[in-house]
């Protein structure tokens, strides 16, 4: 090439520079084609998407489920008096409080809805006094204040047993066990939220796909047919195939991007606000309903 | 090509246009061949099918199993009087009701068989009064009315213990535990139903396979032998290989399509109606059968 | 080609037809070579074999294990009198009966050994009266009669507790729990047996491998060297490489075929008859053996 | 080639035969090159190694852990008298006996260390009388004599409760439960030992890798440059690349070979002898240690 | 080449040696290109990274969680007197001690912070007397002294029940069970730490990637255009594509290297020191907090 360059300058014809430039462009196109074959983008994407989908699914199945607690509550605390009603309501409220504290931590949407603890008080998830207790615990170095309501919950069940609102030991044990199991589920969701796919992996894959796409686009450019480059015998005006590849590879990358953060605020995230509402009202109704009787009026407190 | 085009127009011979058209066709064929090599369709399909089969299998093993409840019922409530019989029947009925409410939710076939709650009443899954209770709970904001019968179930067992139809505490606990476990299984099936493979993944794979097939078909067209295009030295009249590829790739795609929705109404879906029937009668017979005695007549209520 | 054909017919020389035929053959060979490169048989096989081995292993670990029941039986029912001995033997027998009923259902070998229920009676797995009970349950619409012996089992343990042969409540609960757990294992084995890899997947893979092999064989045929087809410069008399590929791909397919049905009658199946025998005698000896005493004589009933 | 052969024979020059031989050699080399491209050895190896590592890891996590038993023993049997000490020691000894019986079965190294039951007696794992009991059980058709000591263990705990050395029912239940759980772990280790990767899979992979290596070596031989075979333009004296491939593929195969049998006697096997020793002494010390007191002297019996 | 060499020597022109050297260089470059195509580095990396990420994630979810113990402690030991406070504090301290002993074993960072047992005494994790007890146990051959505090813990709970600080049997059982479960979690973390990915696998992959990179670099060198080597028609001054490949493959390798040892001291390791601090203070606060009362002052001992 340097030789050609010298010759060209000697000619001092304007079009020679154009031709030289064209040669350089051709080289870039041919190299892009070669490089495009080398990046194993489908492979890297395959493994990456499988991993992301795996985490997404594990997170799905780690969503906590408070139905067992509500069920056992209705079974163990069968009293129809006002104190029984109050006790059941309070246990359900503390479970909901744990939910909302956990969801505020993991979900951007719930955090946006409840930006501070005061908003939880306003929405009757906890009382002023309980708020102070949480805050005091935090000042004492307790990082996991979200488990405190669960502790109150268990203590309440214990108290209910002592006060005679739960008839037998076994029921109390089952209920405490269900509460501890629920907390374990919450802890597991927290872990899935905390340990994401390493950022560097995502970066490598994203860079690979976009670089591939650029090379793919360049390599489809029109080359002078008369030089008979292999695989450039025929040429289309629109880089149709580059666009199709764009759809496939970027499509797969979008799958991964949509699923990598199920705790966000977009459409593909888990609907934490709905889950919260459902859990809240369902647990309330289930825990108070007794067969053959009308469910109690929902005078929430 | 533009140059050739101008030359051709200059000739004004009819066949020249045909030849030009043929050149364009050749280009499309050659490009298709090139593109066909680029789409890593086997790879994407491999990962996708593995994922789909994985979900399908997990769903299989998430199908609930009421045998444990029936077994423990027969063990704990051993009375031969009419009240014991009634209690056992009712527990079994509530379990069946949970099944049918769950299956109506997840399976199109069961939903078609039981389109509304009245049809369940007609088929004696629940009484009119229970239907009202469910509906009232729903109006109160309980989204998970399908867990209500489980709650009644546990309360019934509790009552049976208090009335003395269950002899010892441990049996009652085991029974309540089995019921709670069964509900957990139902919840897991619900989760597998709810969280499907992201639609965009399925779309990308389907588009990739069909596009590949089209290019495969085009790329097998006959080209003028005299131009000696690489890989077009020999030519067959029928695009045999494109058809064979069709069988393989579309075959794999069909595997995935058949398994991606095991909750549907076609042949590859889980036979929810049969599972329901089996569970219904088996649980009834097992829970009432005592060794050395004839099983009771199935006077269902 | 059509042009050559016309020319050839014009020549009316015998050898021309032969040459034409040879050209067609060459085309087929060249196409086969091309096609052989396109089928991603190693890929499809890789995913398929991984899936099959996964299911096979899960089935291995789903094989039930009655040692816990035998162990707890020996711990809970410690009496040396004849009634204690009888109770333990009967519990063990019912567990064995569950085994044999389950294995008859899943294993062709066991079904061949025990073709009907009468053969089980002959081999002292159950009594005539129990056989009638099973049959009556079946006529009443119970599909899962194989769980009935487990129910009798639990009832027997319950009765033993009431008669005072089991000293404390906790032991009974542990025993019933072990029996329920064992039934769960049996149920899981049943599920692995029931939900096999979808047939269409197996078919696609098998067709792909055999088609590949045929093309591989054809593509190794001798071509006229003078035409200098790429990759046909050199030629061997025996299609050695096609045979080697046969060994690899068919070898992998055989791995899959051997493992896809571990419930069959051939060498690679689980040895259900041996498992049955082992479980039968081991459970009997373990449940009756007490430390410091000679194991009781095996007067089986 | 046959034509050339005839011509060559006609010439009757000595060097002609040499040239012919060289042509045959060239053909073999060129074919080897082609074949080398066809064997998807990296693919098959990838899936195979993944499977082997998966089994190896599952086996790691199936290694039993007797710490829970020792812990609960120290908690439940708190007596300082000689009988309490004896009871605890004996439970620990039976657990160790189960370990050694199991490990003798699965590990070549442990079997070599303890070739027969007498050697276990010599090393004080069991007494003469217990040895007789095991042997008698075996003659009665009990295949699983390794679970007998676990049965004795549970019976001992039961007896300790009856004699009053365990204060409360719950402790006994927890202890028996821990023993049963430990036996379950042992059973699972046995299953992982029993069900290995199918031999035919290993054979296919091994043959594929070695065949590939041979072809790789042959295909790197020097060819006459003047014939300008594609990819043979340049030539090195040492087949450097074949050696590098050897390192990679044989390296991966060695990974698989090292991990496929973790129950062997070599460096990559699990150190069963050490695990046994650790478990033996740790369990002894933990079960006897009480807070605030010196651990008892280890007068082993 | 030898022939050319002889000719060249005959010419005795200086530039001939240069040309010969250039030929050798060209051969190396062409071979490198060929070899680069042969190493399936993306494949090996894909499987390896998947495995490493799998282990990393399993380790994440094996991190122990002491919230359940704290919760049950607050539920079971509800006394407000100084002895109750002391008992709860001591149970929490022993749990923390287990944590720190375990973390010292698995994490380089924690080991660096607490190099010997004396430093633990200084930081009030254990008393001088307890330190002596641990050391004495070690001299008696107990390898697992890290489980001793858990044993003390259980004994303390047992003692608290006997002294009447825990009201009912069930609570004690639940607490002991939670402690045993926590120890199981610790044991599992230990196993994940102990059984790493086999070193030889890591070595093969690392060597493969770096060798590939070297060949990739060499193969991008400038070759004499006039010889028209396939794929060397165009040439760039900077080996741009080799650098891009460097980013992708080394990027993936770095992902694996960062995750293969989550127990180290760098940024990608688990933050064991933070986990330890959090667990320490959170457990203390949760176990002492009672609803409606101010959390007790943290007079740590």
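Here are some notes:
As written, the chain order gives the labels A, B, C, D and E, with residue 1 at the start of each chain.
We take it that a residue touches a chain if its C-beta (ideal position, glycine included) is under 8 Å from a C-beta of that chain, and two chains touch if they have at least 3 such contacts.
Quantities reported herein were computed from a predicted structural model and do not represent experimental measurements.
Both chain A and chain C are touched by B.
Bringing chain C onto chain E by least-squares fit of CA atoms involves turning it by 145°, to the nearest 5. Of all residue numbers used at the contact between chain C and chain D, under half are used by both chains, marking a mostly different-residue interface. Inter-chain spacing, taken between the CA centroids of chain B and chain C, is 24 Å. The centroid of the Cα atoms in chain B and the matching centroid in chain D are 39 Å apart. The residues of chain E that reach two or more other chains are 43, 46, 50, 169-170, 173, 230, listed in rising order. In terms of which chains touch, the assembly is arranged as a closed ring, every chain touching its two neighbours and no others.
Traced around the ring of touching chains, beginning at chain C and stepping first to chain D, the chains run C, D, E, A, B. Every residue of chain E that touches chain A in the complex is listed here, in rising order: 42-43, 46, 49-50, 53, 57, 60-61, 63, 65, 67-68, 70-72, 74-76, 78, 167-171, 173-174, 178, 225, 230-231, 233-236, 240-241, 244-245, 247-248, 251-252, 254-255, 258-259, 268, 278, 281-282, 284-286, 289-292, 294-295, 298. Partner chain A is touched in their complex by these residues of chain B: 1, 26-28, 30-31, 34-35, 38-40, 43-44, 46-47, 50-51, 55, 129-130, 133, 136-137, 140-144, 147-148, 150-152, 154-158, 162, 169-170, 172-173, 176-177, 180, 183-184, 187-188, 191, 194-195, 197-198, 200-201, 203-204, 207-208, 211, 229-230.
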